[in-house]
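As written, the chains take the letters A, B, C and D, and residue 1 is the first residue of each chain.
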Amino acid sequence: MLETTIGGARQARLGYELEDLALVPSRRTRDRQLVDLRWRFDAYEFDLPVLGAPLDAVTSPASAQLLGDLGGLGVLNLEGLWTRYEDPEEVLEEIATLTPGPAATQRLQELYAAPVREELIGRRVEELTATGFAAASLTPQKVERFHRAALEAGLELLVIQGVAVTAQHVGLSGSDPLDLRSFTGRYDIPVVVGGVWSAKAAIHLMRTGAVGLIVEGGTDPVSTTYAALGVEAPLATTIAEVAAARTRYLEESGRYVQVIAAGGLRTGGDLALAIACGADAVSLSTPLAAATEAPGRGAVWGLSSAHHELPRSRYQRIEVLGTTEQILTGPAHRDDGTVNLLGGLRRAMAVTGYESLHRLRLAELTLRRARGGPGAGVVAG
Amino acid sequence: MLETTIGGARQARLGYELEDLALVPSRRTRDRQLVDLRWRFDAYEFDLPVLGAPLDAVTSPASAQLLGDLGGLGVLNLEGLWTRYEDPEEVLEEIATLTPGPAATQRLQELYAAPVREELIGRRVEELTATGFAAASLTPQKVERFHRAALEAGLELLVIQGVAVTAQHVGLSGSDPLDLRSFTGRYDIPVVVGGVWSAKAAIHLMRTGAVGLIVEGGTDPVSTTYAALGVEAPLATTIAEVAAARTRYLEESGRYVQVIAAGGLRTGGDLALAIACGADAVSLSTPLAAATEAPGRGAVWGLSSAHHELPRSRYQRIEVLGTTEQILTGPAHRDDGTVNLLGGLRRAMAVTGYESLHRLRLAELTLRRARGGPGAGVVAG
Amino acid sequence: MLETTIGGARQARLGYELEDLALVPSRRTRDRQLVDLRWRFDAYEFDLPVLGAPLDAVTSPASAQLLGDLGGLGVLNLEGLWTRYEDPEEVLEEIATLTPGPAATQRLQELYAAPVREELIGRRVEELTATGFAAASLTPQKVERFHRAALEAGLELLVIQGVAVTAQHVGLSGSDPLDLRSFTGRYDIPVVVGGVWSAKAAIHLMRTGAVGLIVEGGTDPVSTTYAALGVEAPLATTIAEVAAARTRYLEESGRYVQVIAAGGLRTGGDLALAIACGADAVSLSTPLAAATEAPGRGAVWGLSSAHHELPRSRYQRIEVLGTTEQILTGPAHRDDGTVNLLGGLRRAMAVTGYESLHRLRLAELTLRRARGGPGAGVVAG
Amino acid sequence: MLETTIGGARQARLGYELEDLALVPSRRTRDRQLVDLRWRFDAYEFDLPVLGAPLDAVTSPASAQLLGDLGGLGVLNLEGLWTRYEDPEEVLEEIATLTPGPAATQRLQELYAAPVREELIGRRVEELTATGFAAASLTPQKVERFHRAALEAGLELLVIQGVAVTAQHVGLSGSDPLDLRSFTGRYDIPVVVGGVWSAKAAIHLMRTGAVGLIVEGGTDPVSTTYAALGVEAPLATTIAEVAAARTRYLEESGRYVQVIAAGGLRTGGDLALAIACGADAVSLSTPLAAATEAPGRGAVWGLSSAHHELPRSRYQRIEVLGTTEQILTGPAHRDDGTVNLLGGLRRAMAVTGYESLHRLRLAELTLRRARGGPGAGVVAG
């Protein structure tokens, strides 16, 4: 870890975003049909290393089925509209017509003020199991309360997702309301933890038995966490550090933990760079919200857009770019890298000569000066 | 202190702004109700670590009372409109209607050409004491002339604020018109010095007996001091360096001097970062000028906007964002971090796991590449 | 090669673009008539070190003749419109009227879906030989199939151009469909390889017998390869590294291989910097597409703009700046460096005091801070 | 000098612009009336360290008189409109009405195609001597031809100004058309050389007997030399390096050579930073062209805007900001630092505590991160 001195005794480590980096073709190339995009995860195998993010604008029971059919994996948010409303389609329709700004935020706050209904949790999971692989998310605060309904309905993968999730939460009673290690010990269901910002958080979470970690970070234009809290993680650096922690944990435990990159990935290039930095898969938000079949209907927002006291992501309208299939695997009629994301990843692997996602981690990287100056490694002449 | 060579024998030290940095959640999180925002300062304790800046657009006797009721501390400028005019409300009304540009600057120059009336100094301080804690500012040049009226009227905290204030001013007579050490020795009133740009200035000012220092800096869009004078201090670096000087002075004297960050703080994230760099509290300008109750009525300007010869800050119109209470402690219906600033600070402390303002200084920081490239620590391969 | 640590075990080397650099006049100047711009290349000598890029918007048989007459060298793309259509002028007319956006991309995809007709390959090469020096390009995948027709028609220089070309392509059969070393051994025709992104690729390609390499890179606004694939090479760094590889190869073989810079060169300053970094010549796209005689008629696009599945360059309309002659050698009535490119190169050599393209490599360079901060070489004070 | 590796064997030294730097107030301040702005230069003393640049938009015989009366020093270009036209006022009127763009450039090319008339050279110098100090410029190519007329008419200071001027020009005959050392030996008139880009050029020029050097550089938005030629010098670094060379030369010769900063200085802050980096005085273009009395009448252009073959500066219309006196010494009704430049310099010296231009070189500098990232001096943790 490289550090700089801010002043006095204060240090800061250097952080890089994916867009600071570029892949560099080297001495070998490969036919793109000789590239393997499959993601193996526990006993599962997915054709595409892609999760649909647990946002109401991205994942509904129907869009999860569609993404599953294409080879990915949708994660339904069990504290979003689908468990607050019997039939949320009407609410989604209304949200899609809002004009970005404080009034939209206020309306979201009202709509999300409806309580989560426990009986809908089981029902939504049943809808997921009926059509494919059932993956869904809960916040750490609500896991104890809602997990039974979800598990009984056949949930196959649980994502525990908060703003920041650690293995050591100091709760109101002075102790953590969720004992993750005990939870993963009690149940067979694989648990993925989201809201991981650093290698330190990651290694402790790995030791609780999580099978995967979702690394937060990046400069997602939807998120305003940095403005509101001053909190941000540089995505490329965080992926690489968590991946290194994963290797250390593998040595101490023999277990290989999945690293999933989230936070503002938009293009095929972003996918290739996230995987080259050490991710096993990516969690997509805006690209899937831009699909014709997206529940957001041309709008995108986070659960935190609706926070009653301190909203921390933007409600935005976005351009619809094509079907989910086109966005993931093409063909594209756009030339900006936002459609056919997996085609871009496949070609990135072809021109750098690597045949599997794991091996892409060997690719050479360049620090792009266009994003601000390296200049370093300088010697006095 | 890190330095670079500009060329020949000329050196420059590296400077960072708050927006160059980000807080990184680490291995522990904390319920946000377990976070303590109280600021203890001499015998005083404030619920919020917030000063209202001594600008006419921000602090009037009435807005000082309001801020005091919310747990903060307004500082009235005793050389602003409130001591130049019997009833400045009319002048404030007129200023609020100006169109930004040279004509507005010229009108400000005319309005501030009215002399400070000594009898109004005592009257304003009395208005402050009648409704709460009485804090007010004078420039170093006018302290000797005006302090008696203010002290007799019950002033509880004196801020001595200039463009740049040092313990060694070379005045026209060849000696400093204000002997700070003798002044703080003569009176019991706590003195805070504003206009501190560096650790060197800070340590000498601490030795004069000041109980607090206001660190200037940052890239406040209102200020044009850099354009006019070439003078600027990087806020994060200056806070950290002054905080380190405070520790050295604590060791030599046993006295802990408050460090207050000023200069362009706008969001909850800015507050969290300023405190993480070593500040005890912040002095707010634009955020408080954006309140419905602000004396500026939707405009913001500095005393130096009205300088007769070389205006050095911009008269600007700004969007009114909510009540003072909403801006400080929410709830927010905006998603950009500009409302519920203390809610943002509280959550920053919760997700990084720290329970007090002092302990937030232990939080890990990242240098954000988005603002220009680190790249350093590079080794030749 | 300078490297930085991204995080964990991941490294990235630092990359510079041409616009990060500036030439610095030093102790000597020279009359600009004493500057020699000639480019010697095998048995050939060209008055100007300029290739016309193998893009349909840039090089047609007619524009190749014009460029040849001016002292440069046009390269016709043998898999573009000229070998798909008997008379492509009508198609070029239509393309010139498209409105940039997805509809234009879709129309390009349709127009380029017409198959390459083998009989047109010979015919186009004959048109080139009839009017000047015949240089043309093929992709590595099609060299085996189409080269005979081209060679029999008198091709004098073959450019093998792909997205990324290496000496070790893993094809569908498991082996490389094109054995370059054997190809260059079989034929006398000089082969230039385009799509070279790194020194590693370069040294292996030199060993196959290529007489020149076209270095890809830069931040050409037309290309979207970075967005789509995450692949990008910093042009200045890549030129300098490939030039250093060329020196190593010269020592091992006695052969001097030409390095040609491509990718977003727009101004006389770009030419001067590319050559100062180690290039022997440049391949121009947009500047030549901006000529009154350009086949693109005010539009510019790449072959990859029309890719059926993942388009990777933008169709753009550009301002027509003057005749090809004016753009290359002036006189200019524009003051932005986009006209009279060779005049700019000539003056750059004059004010730095160098008389030949080779010697300009001795010129001193500055890293421009305007593009992001160096700041390095810093020592703790 | 700090260097970085571009790639392979290619190095570049790091360069800083003035706007990369900021002055930092330190432990002492000073009343601004105790600040001395006088510039002593050979036997001369000027109240203000300010030259009017030898541009037709800036300096005419009349504006030179005005600047002289205010304490500065105008330099008339003896190869501009005043020696090409008997009465250039009409031409200046026409130029002031042009619309920026290629047509304006072409018209400038026509107007400046009129030959320099030797008889007007003497006449203009006489006009200068009649009203004040006579300073004027010639290009190195024309010094031998025109200097006699100028000297006989009483020229008091000769500026030899070219794009890049060195002591070793290789001319068409193989030798330098101007032998500077012999020229300065032959005549008593002090010679200032403009077009100095580096310390190497500077030290050789000092040895020819020049009394002052004008350092070129910066990112003047008027100049397009970088776009056209790839040539640029970072102004802060170049001033500091030339100032260091000046010290070396002082040690070897006992002569102190004046360093004058040119190139895009716009604000009081720019002046303060140029002098803090080591300049003795500044040469102003755009600020003086923005005066109500400027010959440019609201337009600004360089001689190179009119170059017949490769124009290298922009014809621009600018806002008129006030009288020459206001722009230099105030009072200002603008708050952006562009008016009362010397007032800004004076205050910069007051808040940093220095009493003379020479001592301002002792002021501490900060590298502003806002302009791109330092980040360096980093250590692996």
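Rule of thumb we're sticking to: a contact is a pair of C-beta atoms (placed from the backbone, for glycine too) under 8 Å apart; a residue touches a chain by one contact, two chains touch by 3 or more.
In this text the structure is predicted, and so the values were computed from the model without any measurement.
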| item | value |
| --- | --- |
| Self-contact between copies chain A and chain B, residue sets same or different by half | different |
| Relative to chain A, chain with the most remote C-alpha centre | D |
| Turn needed to bring chain B onto chain D - CA fit, degrees, nearest 5 | 90 |
| Length of the line joining the C-alpha centres of chain C and chain D, rounded to whole Å | 39 |
| Chain A-chain D separation of Cα centroids, rounded to whole Å | 55 |
| Chain B: positions in contact with at least two other chains | 1-5, 11, 13-16, 237, 367, 369, 371-380 |
| Contact footprint of chain D on chain B as seen in their complex | 2-17, 20, 102, 105-106, 109, 163-172, 197-198, 200-201, 204, 219, 224, 226-234, 237, 305, 308-315, 367, 369, 371-377, 380 |
| Chain D-touching residues of chain C, taken from the complex the two chains share | 1-2, 5, 14, 16, 18, 21-31, 33-34, 199, 236-245, 247, 267-273, 276-278, 330-338, 340, 343-344, 347-348, 351-353, 364-380 |
